[in-house]
Amino acid sequence: MKAFVMKEIGQVGFADKPIPRPGPDDAVVRTTSALICTSDSHTVRGGIGPRENLTLGHEAVGVVHDVGSDVKDFRQGDRVLVGAITPDWGSPASQNGYPSQSGGPLGGFKFANSKDGVFAEYFHVNDADANLARIPDGISDESAVYCADMFSTGFMGAEKGDIPIGGTVAVLAQGPVGLMATVGARLRGAGIVIGVESVPRRQSLARAYGADEIVDFTSEDVIERMLDLTQGEGVDTAIEALGADATFQTAVKITKPGGTISNIGYFGEGEFVRIPRVEWGVGMADKTIATGLCPGGRLRMERLLRLLETDRVDPTHMTTHRFPFDEMERAFEVSDKKLEDVIKVLVTF
Amino acid sequence: MKAFVMKEIGQVGFADKPIPRPGPDDAVVRTTSALICTSDSHTVRGGIGPRENLTLGHEAVGVVHDVGSDVKDFRQGDRVLVGAITPDWGSPASQNGYPSQSGGPLGGFKFANSKDGVFAEYFHVNDADANLARIPDGISDESAVYCADMFSTGFMGAEKGDIPIGGTVAVLAQGPVGLMATVGARLRGAGIVIGVESVPRRQSLARAYGADEIVDFTSEDVIERMLDLTQGEGVDTAIEALGADATFQTAVKITKPGGTISNIGYFGEGEFVRIPRVEWGVGMADKTIATGLCPGGRLRMERLLRLLETDRVDPTHMTTHRFPFDEMERAFEVSDKKLEDVIKVLVTF
Amino acid sequence: MKAFVMKEIGQVGFADKPIPRPGPDDAVVRTTSALICTSDSHTVRGGIGPRENLTLGHEAVGVVHDVGSDVKDFRQGDRVLVGAITPDWGSPASQNGYPSQSGGPLGGFKFANSKDGVFAEYFHVNDADANLARIPDGISDESAVYCADMFSTGFMGAEKGDIPIGGTVAVLAQGPVGLMATVGARLRGAGIVIGVESVPRRQSLARAYGADEIVDFTSEDVIERMLDLTQGEGVDTAIEALGADATFQTAVKITKPGGTISNIGYFGEGEFVRIPRVEWGVGMADKTIATGLCPGGRLRMERLLRLLETDRVDPTHMTTHRFPFDEMERAFEVSDKKLEDVIKVLVTF
Amino acid sequence: MKAFVMKEIGQVGFADKPIPRPGPDDAVVRTTSALICTSDSHTVRGGIGPRENLTLGHEAVGVVHDVGSDVKDFRQGDRVLVGAITPDWGSPASQNGYPSQSGGPLGGFKFANSKDGVFAEYFHVNDADANLARIPDGISDESAVYCADMFSTGFMGAEKGDIPIGGTVAVLAQGPVGLMATVGARLRGAGIVIGVESVPRRQSLARAYGADEIVDFTSEDVIERMLDLTQGEGVDTAIEALGADATFQTAVKITKPGGTISNIGYFGEGEFVRIPRVEWGVGMADKTIATGLCPGGRLRMERLLRLLETDRVDPTHMTTHRFPFDEMERAFEVSDKKLEDVIKVLVTF
């Protein structure tokens, strides 16, 4: 079968690989739609170390091609979604409530990391009964595929942010994950959601997804504006959706004592992420810093799909580009180099 | 001044009372709008014991008429909202995180209980800095007054229900508080909200406020329908918004193991509220039963007002009747006897 | 092999059964020590319905006899503990944080319920890597076996009770699980632990396990005494460790507004468990009712074993009787009929 | 009256001041015992900015000398404890659950910060009913005074650390607050408590207060040792009790994914507190960073006193030095310069 791989650090391209075969608890899925993520770019640049001919991609939907002998709830032909994170549910980390960390830090992140990803005609899913979810009729592949990572990570930012009903929330950066954190903040009942973003297309999508105010850091003092918008108090919750040291510092500064900095950014550089000491109350201002990694699993995916069934959100406004799998090289380039004001690139098989 | 009082159990009418005077931390508010609550009817029927010439009412907005010498943040002429519950914030119960219980069970509930209520030309507010909230320009009195109890109690039902994003929620009874629990479930990100209600007007308001499905217990088996709508699992959260033993039992039955029964009903009758033993998993099914009493206080009210400022919800669809204070007797009768398909009665001063 | 079974409702005795064989993820354990539980008596009396020749018992330790081909962390000869509850970790209930409810209400409870239990020379353990725990050298079988249910259930009562450091806790009934709830309350930092019990031996064990006060309901008014001991406020947490309607009602009554009733009792009788309406604050006193079923799993068991390694508690004071497996009939009778002031009966193989 | 003051940055000494007078809600307390804290040294060195003739000290017990007209629960002659933090309980931060942050970041910290402290013959307490606690007969002044800050801060480190029963906990630095965090970890049911400390006297006190293991960073690799002691996993909870950037980094490194870094250190220096990026899982390892400021208030103090009543802990082992108030200059020097292996200095009046 055809797969789109990271040949080595900095090098991508097609490769031919055998169709995977399922173990007793596993499934093999024939890919129908996939999304390209900035994490794929991080990986290609060496963010998780060297890899050789590793199939990229972790956001996909498809049709069950084959299941192992012990799989009970899925069978060939089922249209399915799989979370970007596919935990080992029996592991100590899962038993501790942190399945994304099963098998070590970020260990639930298997696709395009510890095994081949989803940018291929077929891909393998461990523990199919626990990690697949059936896509209801009436939900398009294009909508469903956004659940895998964009919904799950973005909404987690809001959930871990412990937003009170009517609370004040800032979402720093309105890329795809930040946009979904904006939706997430609305889903948790935020009283005001303030997006920080400078790119016009992202600003306007942020508004469409529920941001009440947009702060443009290129023309305004973010901290001052946040204090203005919150009667001088700072926000209840600041969601860092970029993964940059300076943005993280801003997040700490704009959060009020007793508030939460909820990080969903991937910090790709530097030895440290730095907390500004004074604004952190010399360590005593009750500003909690929460983090996490995209929750996966069948239950999570079913809940996210339900939000599509009941029309809570339409993620497809984020699809700015569509390519067939044959044009994956160009598709990847557009996403990787952030060409043409890209938000998300959908690849169809 | 004119006040509408409970003369004795079963008897209401106007009385003349002196305008109250504030203690050093208090305020006196000139009433502009108030809402009648079914709790007022409970009280008149003797639900909290005998009272003599007690002014009724606990949902009101108005204009500050006078403040005590130690009040810092409010002054004469401020347009203000006061929560139905006005806690003593320094009490042990408040320090414990349960201000509504300050001074004993339900002790934060002072209006029309331990002191005169708000159905009068003026009313007294303890600890003004902590219990009043300024109403922003652009928010009508009629909208704001819904924050005092309807928003705060209804949304609490959702908050204590621990609803996961995309979760399944049933709201049993779609009276005013149930309708706001429906809104609350949407505000917390429920994936499906199922209202139980038989009255057509309430059914249609429930849909308008975000219920995805309506179950009519007069023509359907509620439990069967709930299982159908939740793939046989039961709901994550059942909000009991009636206060009836049979409804409570249904709530326990339709909640899945690991789910929450969140009670916001006022149970006015009987010696017991009964948990069905088997469906409660013989005491071991991880079905939590949560309760509470309408959160009050300035911060809560400010957060609820913010939801009006950002157009999250329009409560005024619940106002089915409007009367001037002079016609309070008729107004009360309409609410008390549930005449003319009433939802909420607004009284203007 | 020899097994001690429930032949039918009301009938127990030995039976001969084949040694079980493990599936790919499973283990078979050679039993070395087991404890008899009052749940076994409930089962024999028909509490979970009819069963035929079902091996009884769910508290055991042993030595790994055989493992399936996919088991990674255990091998023949390992000395192991298995929790009374052996969840399916990938199930939706587990993903939702309630593994004891996997596969339906109380579905994680498999031993002597949906499959043969541990009162046999060998027993089968599903998902060995997730449900077994290695017993550290230096920990006796007799100590370790108490982790399976007594520690896990009793401590859960304290954990779900949300005890604040220095808080006031009542534990109603000081049977084995109540005694361990007493220990649990101490482990969570209770400021005072009040045991309710009338049997002298249990009273004295309760004191030894950390109860600061004992209330004897046969000679004192429990509610009055609790109010006395808590300056009239009621307790922060009441742990119901009996499973009786009257005791549950007392638990609700003695809990202060904002407190938690944490149930670990098995309610074996009656259609309802009844909440006293007025003392529950007509549904509004913020008295949470929490429940659960003995947490199982490797991580839980490892944490409980650690408490033995660091000498936090010695459970063996509860062993009042010891029998070899050959004398299982007498052993069961002693436990079942509560003869000779029994607390727990240890069976050795 | 005589007061021991910070005359200016770097300068301390006695001053004569008038006995304070209570406002209507306040009390004035005649000091009987006080403790010197390293925060006092931070303050004198300019940690909170310049102050002129500010009375130092925030840990004290005494006897009520005078109360305001609205104080209900205390009167002259009552032996009382006051928390180091005396919040405004009606403030938005208190209503939000963070009373220590009332009136702005760390705003509940008034003694020796925004008003005169307790190192004087008399001191003033705002909102006496909410901030004082009666000391039970049988509890010595010397024991009770440890509740004000040492118990409250140290135990908070354990509470915010979200320690599971049987969990693994590291407490980095065993100064007085670290020692009480060690006690706190035991009070929450930690399965193993590992103290990090190099000073022999502190090491031995740590063992006496319940540390199971001591790691000496001057002779061992802390990270390696922690991994050894936790089967390679890292701890569930790391409590930073020093307030140093390097220690904080270690805390992040030794915490397992899904664990909590609970900070109770006061960070007195540097622009940043730095999170090691990779060990923080590039922002995605579910390692929560929690903080707080010594909880105050009557309820908290009553709960802490209860732990003394029931003999849960004896704090007086930390009193290494005792001075009468007349020798306050020497007393302060011993504490400030950490002379003579000092742990805590008790001052009697």
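Chains: A, B, C and D, in written order; residue numbering restarts at 1 for each.
Note that a contact is a pair of C-beta atoms (placed from the backbone, for glycine too) under 8 Å apart; a residue touches a chain by one contact, two chains touch by 3 or more.
Treat the numbers as computed from the prediction; the structure is a model and nothing was measured.
Looking at the partners of chain B and chain D together, the chains they share are A, C.
The chain pair with more C-beta contacts between its two chains, of C-D and A-D, is A-D.
Averaging C-alpha coordinates per chain places the centre of chain A 40 Å away from that of chain D.
Look at where the CA atoms of chain A average out and do the same for chain B: the two points lie 38 Å apart. In chain D, the residues that touch at least two other chains are 92, 96-97, 164, 302. If you check the complex, the residues on chain C that touch chain D are 155, 158-159, 164-168, 184, 187-189, 191-192, 212, 300, 302-307, 309-310, 312. Chain D meets chain A in the complex at residues 47, 92-93, 96-98, 100-101, 104-106, 164, 233, 240, 243, 257-258, 263-277, 280-293.
Residues of chain B that touch chain D in their complex: 24, 70, 89-92, 94-97, 99, 127, 129-131, 297-300, 302.
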